[in-house]
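Two complexes are shown next, each including chain A; its partner changes from chain B in the first to chain C in the second.
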Partner chain A sequence: METALYLTRRLLQALAVILIVTVVVFCLLHALPGGPARGILGPQATAQQIAAFNHEQGLDRPLPVQYLYYLHTLVQGDLGTSYTLNEAVSRLIEQRLPKTLVLTVLSALLGLLLAIPLGMWQGVRRNKPVDYAVTTLSFVAYSTPVYFLGLLLILVFTQVLRWFPSQAPQGDTLAQVFADPLALVLPVVTGAASMIAVFSRYMRAATLENLAEDYVRTARAGGSRPGAILWRHVFRNSLTPVIAMLGYYVPVLFGGALVVEQLFNYPGMGLLFWSAAQSSDYPVLLGCVLVISVATVIGTLLADIVQRIVDPRVKTERI
Partner chain B sequence: MTAVLQTATALQPVAGYRLSLRRFARNRLAVAGLVVVVLFLLFCFAGPLIHPTDQTHTDLNQVNLAPSGAHLLGTDAVGHDEFGRLMFGGKVSLLVGLAAGLLATVIGALWGAVAGYTGGWVDALMMRIVDAGIAIPALFILLVVSAITTPDTLGLILILGLVSWLVPSRLVRAETLTLKSRDYVLTLRAIGGTHGRAIGRHILPNSVSTIVVAATFQVADAILLVAYVSYLGLGVQPPATDWGGMLSSGLTAAYSGRWWLIVPPGLAIILVVCAFNAIGDGLRDAFDVRGRG
Partner chain C sequence: MSPARTRLLAGAVLSTGTLLLAGCSGSGGTSSASHDSINYALPANFTPNWILPIGTAAHLNTNNISIANSLWEPLIAYDGSTGKIAWNKAGSVATDAKFAADNKSVTITLGDRHWSDGKPITSADVKFWFDLIKANKAEWAGYNPGKAPDNWISFKSVDDRHFTITFDKAYNPQWMLANELSSINPLPQHAWDQGGDAKKTWTYLNNAAKNISGYASNSLWKTISGPYAVTSFSTAGKVVLTANKKYDGGEKPGIPTVNLLPFTTADAEKNALRSGTVDYGYIEATDLDQKDRFTAQGYEVKPWSGWAITYMPYNFNNPAMGAVFKQLYARQAVQRSIDQAGLAKVIFGGTAVPGYGPVPQGQASAFVSPVQKDDPYPFSTSAARELLTGHGWSEQGGVMTCTEPAQCGAGIAKGTKFEMQVLSQSGSTVTDNMMSAIQSSLAKTGIKFSIKTAPVNSVLSQTPQCTAGQSICTWQLSFFGTAGSWYFSAFPTGDSLFQSKGGSNFGNYSNPAVDTLISRSTTSSSNQAIQDYSAALAKDLPVIWLPEPVYQISVIRNGLGGFSQDSLANFHPAQWKWTG
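Right after this comes the complex of A and B.
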């Protein structure tokens, strides 16, 4: 009963957040000077042309009306039509989103695969040289601008060593993307770096916490080997909460994809957003932000629920 | 007797802070961070006095020089001495980062304190607004803003402050929830003190360690965000520059092998951000407050 109540409350909260996001994004994009007409018709457009464009696009109606109209079309899955690409925004996102997902999922997988053993190693060897070395490295990785790291990787691995191409796979379909795995290496590694930093910290903390638990002491007293304790108890109990943190990490992953896609010219949603910003393509900007925000809200919701199921003692108070 | 009591209560927090400072001083990583920050401040603000360079006029006889005795880090495409430019750009990076980080902390602390203190549906609405803000990644908002306008330095500080106050607001709200049921707040309310007084005189001053720790991390994040801003097309305009601007304008040079134009500003960003994070970690452990992991 308590869980059902909690779930209902969290779902309603998530809906409220999504509604606020639509208001914020709508206000942000419409309260700005110049407006889309100037962006589309160019600096030479006459006042009449601009008025005609605004009327045609419904941009001359009062903002609350425009917002309600926007919300109404949104519910029907219609995100509007791109000003410059002359295609439905939902269709554009549908084409680009899978590629961004490939990039972010691969980065997240690589990040976790490295971060989890690293964090456990640090936890076990707490305050030993290994712990300090990995801590220092994660500080550095966390503090490096993604585009600077990507640039260094491009310089070293494409200019000096010539191991990988400097451009991500260009194909339209996912099959074409996977057909060129070498070209995926640098973008995925660039996206994974800060993840390794953050998640090794989480895993280190979780390992330390679990090592201090009573059941570990009991298992030790019972004569279990340290390795067995580590894998059978500490690893298992740390894994789920740490992976659940991924839910809170969704906006960072998308932010990373924005930079990585621009840097490696990978035609996903980040690059779509980037070019939409250059051409003041408001429907595309609105649509992308909305999709990313909904993904973030869902990620947070899942993370909250998983954490509550895994450890009901914790009243989820996230930061 | 009253006087004795007053000194006793007045001394207690001071002794607490002294203990925290001693704990901070024992944290080698945090002290190293403090040293790095001080060195960079000296380098950027006092450095130009020892190593004066012309960073406003171009010198087309001195373009694209490799590092040498005359130009320790070479020159860029319009003839600016790169070593001097590292100081010149660092001023902007550090000032904008510090100002934006502190602004974000102030907004967040006020927002969180008001939400937590008021409670009820106001709290719920204010915190859902925070959730919504977190759901829209800052880089995306900054890129939208860059499509619309090119702000001056003050505008840049405002924009960066406005996109990054969310985490401190959550921390301060959590702190406020525990503080608002304390006796001294309840007493103040009972004798007719205003809400503003309760927040301004009791809640915020008693959250000061949480706020200081949050501010340190905010400054670290803001300096990193400033580095992204030029890349997104929002940066300070030439002839002014910052470390991020030096990175962006050095991109093409780096592809043709002149790595010395991008590695120094990149390393400067990494070192300073690491330093602020290390200080934040040290302060968090010393004050024994919650902060980000």
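Right after this comes the complex of A and C.
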């Protein structure tokens, strides 16, 4: 019952947040001077063509009316049609989102699979040469811009060594994307690099904190093997902050995806959003903002739920 | 090492290994590597999204038109694909156009051609296009009030292969052929007509064209007249064209399969070029220092010159600076502060051409006047300063200030500073460098020039035609010409660009004498008319003339030839051939 109440409250909060985000973004977009018509139609468009475009897109109506109309169509599942891509926004998102998810999920998986053991290892080997070495590497990876790292990987692995292609998979469907796994390596590694650096630092700090806890000392005094203490107790407790951070990392992953998509010619959500912003494609911009907002809200919600499962103390603290 | 540490290490190694193993299959990107196909790079961040040769301005951009023209051959292909701007009869459905002696009508002859379903291409197919455009002109991308189809008053079929179009008055045949009749595409009336209702048919075709995923499968798009057919049209932008075996025109496809590849950014395209997956791509001017590297890789670097002019429009209605811009001496001072030859050489690496007037100078043509050719306002900041000081301006704190309003000109108050701001297209290092160089040379004249940047769509949106009282009228100068500001049709008239109240006359330039010259250039049969227009605007400076950059710096694989790069910025896959 407590959990159901908690979830209901969080879902209502999430809906309110998403609604506020759409209002803010809608107002900001329409506050841009000039409107999108001239940009979309190009310098050679006539005044008549611009007026026709504005009328067709409802841009000649008062702003509140436009917003209410947007909400009306939104609840019917219609996100509008892209001004520039000649496609329904929902269809564009349907095509691009899975591609970005593949990229971000694989990058996150690789990042976590490396960061978690690495962070724990550093915690265990605190202040030893290996800890210093990995810390230095983490700082280098964290401070290296994703764009630069991607270019470097392209240069080395596609032009010098020629091990991998310079482009991510070019297929439209997920099956086509997975059919060319070699092409996924560089984009995934590029996306994962900063995540490894960030999360290994969190994991290291959490491991150190937990290793100093009384329960570890008690377990040691009770004769538990170091491996058992590390994996059964320290590992699980150290995961809590990492899981909490993961939810908030969703927008960062999308942001990183934009750079990776640009570099590796992989038209996903990040690039869709960037292109729409460049071309004042309002329906696509709003659709992308909506998806990113929902993803962030769901991500934080899931992180909270997983955290409650991993660490029962959270349950009593938060309700 | 303790067991726990060993396991930690093993975990890290295993996770890496798993992902690497997952990646150790499949194949990398490859070039077409055969003479049966070609990989052509589309401009960065462009996704083909329209197949129909008719439509709104939002859809009919140059790349979509190039694809559409490969499927439905134009009536009169008046372009630069043969190396000069002329009627390319091999790529046209029409074989002849005879103008009446009074230049008030034209009779056109169609070639003995057939649709891919075997039916002949007839005058009815041209009339079908004519009626569609007449009935839906407001929505048509090519519509400009007073021009086609307004000035085409009737269409008369003589027989299946001859028809006559009558105009509202006499026109310059070259202009009519190059700028108006060239927009006609015979369309398969027997396959597309919806009961003779042009409005209904327009809606039907446009709605069908909104379904990109149906381009390769919808039977509607199978009845074609051009050298290629669509085999695949991905919503992500990749288009595969294959030779139309039923094509009976003059431009037989030289390469059976054409892959048009989309790229998210110019960098992604450049990386693909370097790894050899593109046969016909491009680089930016800032990459020209890597020319040798591409040459060593088996490519030829070949600038693609556009039939375009590049400029910065003044906003003559700007409340702060409009009065200054209206003074010819002030515009002369600005123009004399622009070192076009220096910009072309240093900023554009020698690929741009200085432009001194309204007619493109990248190609030789009979339209440019000697006045424009000879640069009426050569670069000289000292001469520019003299122009200002001679008209009541003096330098105060490094900026020219009007101290003698009676000499400065109407509407210019005492104390007015010569300070102007440009809203310039972002995203191009070359443009940024050019703006900085202009800023520097204008400063030598005593003109403060500040630069604000925005994406090109925002620049266009934020610098509209306006009146002084409107809040949007605060813009002073606009630049949207990284790849050329204005691409002309074959005959470079300035009707919508510099005519009073012209649709794309952003800065509200108005000069009745120029209006007359523009009008005469479209009606007179002599090239003198357009040369007079060229000379008048080279002298009157309706905008700041700037160097004309190339449309694209192409990087073409050795052995690909048989074509010229069309200065009207269209590509013609049927002309591409593997020669080596």
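One rule holds in what follows: the second predicted complex is superposed on the first by the 286 of 319 C-alpha atoms of A that agree within 3 Å, B and C clash if a C-alpha of one lies under 4 Å from a C-alpha of the other, contacts with A are read in each partner's own complex, and residues count from 1 in each chain.
Keep this in mind: a contact is a pair of C-beta atoms (placed from the backbone, for glycine too) under 8 Å apart; a residue touches a chain by one contact, two chains touch by 3 or more.
None of these values were measured; they are calculated from a predicted model.
Enquirer: Count the residues of chain A touched by chain B and by chain C, then name the partner with the higher count.
Expert: For chain A, the partner with the higher number of touched residues is C.
Enquirer: Pick one for A:F139: touches chain B only (first), chain C only (second), both, or neither.
Expert: A:F139 sits against chain B, while chain C stays out of touch.
Enquirer: On the A-aligned overlay, A:T296 touches which partner chain: chain B = first, chain C = second, or both, or neither?
Expert: Only chain B; A:T296 stays clear of chain C.
Enquirer: Kindly classify A:P117 by the partners it touches after superposition: chain B alone (first), chain C alone (second), both, or neither?
Expert: A:P117: touches chain C, not chain B.
Enquirer: Of the partners chain B and chain C, which touch A:Q159 in the superposed model: first, second, both, neither?
Expert: both
Enquirer: In the overlay, answer first, second, both or neither for which of chain B and chain C A:L272 touches.
Expert: Neither partner.
Enquirer: If you stack the two complexes on chain A, which partner ends up touching A:S280: first (chain B), second (chain C), both, or neither?
Expert: It touches chain B and chain C both.
Enquirer: Pick one for A:D172: touches chain B only (first), chain C only (second), both, or neither.
Expert: second
Enquirer: After lining up the shared chain so the two structures overlap, which partner does A:A183 touch, if you call chain B first and chain C second: first, second, both or neither?
Expert: Only chain C is touched by A:A183; chain B is not.
Enquirer: State whether A:L79 touches chain B only (first), chain C only (second), both chains, or neither.
Expert: It touches nothing on chain B or chain C.
Enquirer: Where on chain A do the contacts with chain B and the contacts with chain C coincide?
Expert: Common interface on chain A, chain B vs chain C: 32-34, 151, 159, 277-278, 280.
Enquirer: Please give the residue numbers of chain B that touch chain A in the complex, ascending.
Expert: 29, 128-129, 131-141, 143-144, 146-149, 167, 170-171, 174, 220, 224, 227-228, 231, 244, 247, 251, 254-255, 257, 259, 262, 266, 269-270, 273-274, 277-278, 290-293
Enquirer: In the complex, go through chain C and note every residue touching chain A.
Expert: 2-5, 7-9, 11-12, 15-16, 18-20, 22-29, 45, 47, 49-50, 56-59, 61, 138-139, 141, 143-145, 209-210, 212, 234-238, 261-265, 267-269, 271-272, 274-275, 277, 427, 455-465, 471-472, 480, 485-486, 496, 503-504, 506
Enquirer: Mind pulling up the chain A residues that touch chain B in the complex?
Expert: 13, 16-18, 20-21, 24-25, 28-29, 32-34, 135, 139-140, 142-145, 147-148, 151-152, 155, 159, 201-202, 205, 251-252, 254-255, 258-259, 273-274, 277-278, 280, 285, 288-289, 292-294, 296-297, 300, 317-319
Enquirer: Using the touch definition up top, name the residues of chain A that touch chain C in the complex.
Expert: Checking each residue of chain A against chain C gives 32-49, 52-53, 81, 83-87, 91-92, 95, 106, 109-110, 113-114, 117-118, 120-121, 124-125, 151, 154, 158-159, 162, 164-167, 170, 172, 179-185, 188, 225-227, 230-231, 261-267, 271, 275, 277-280.
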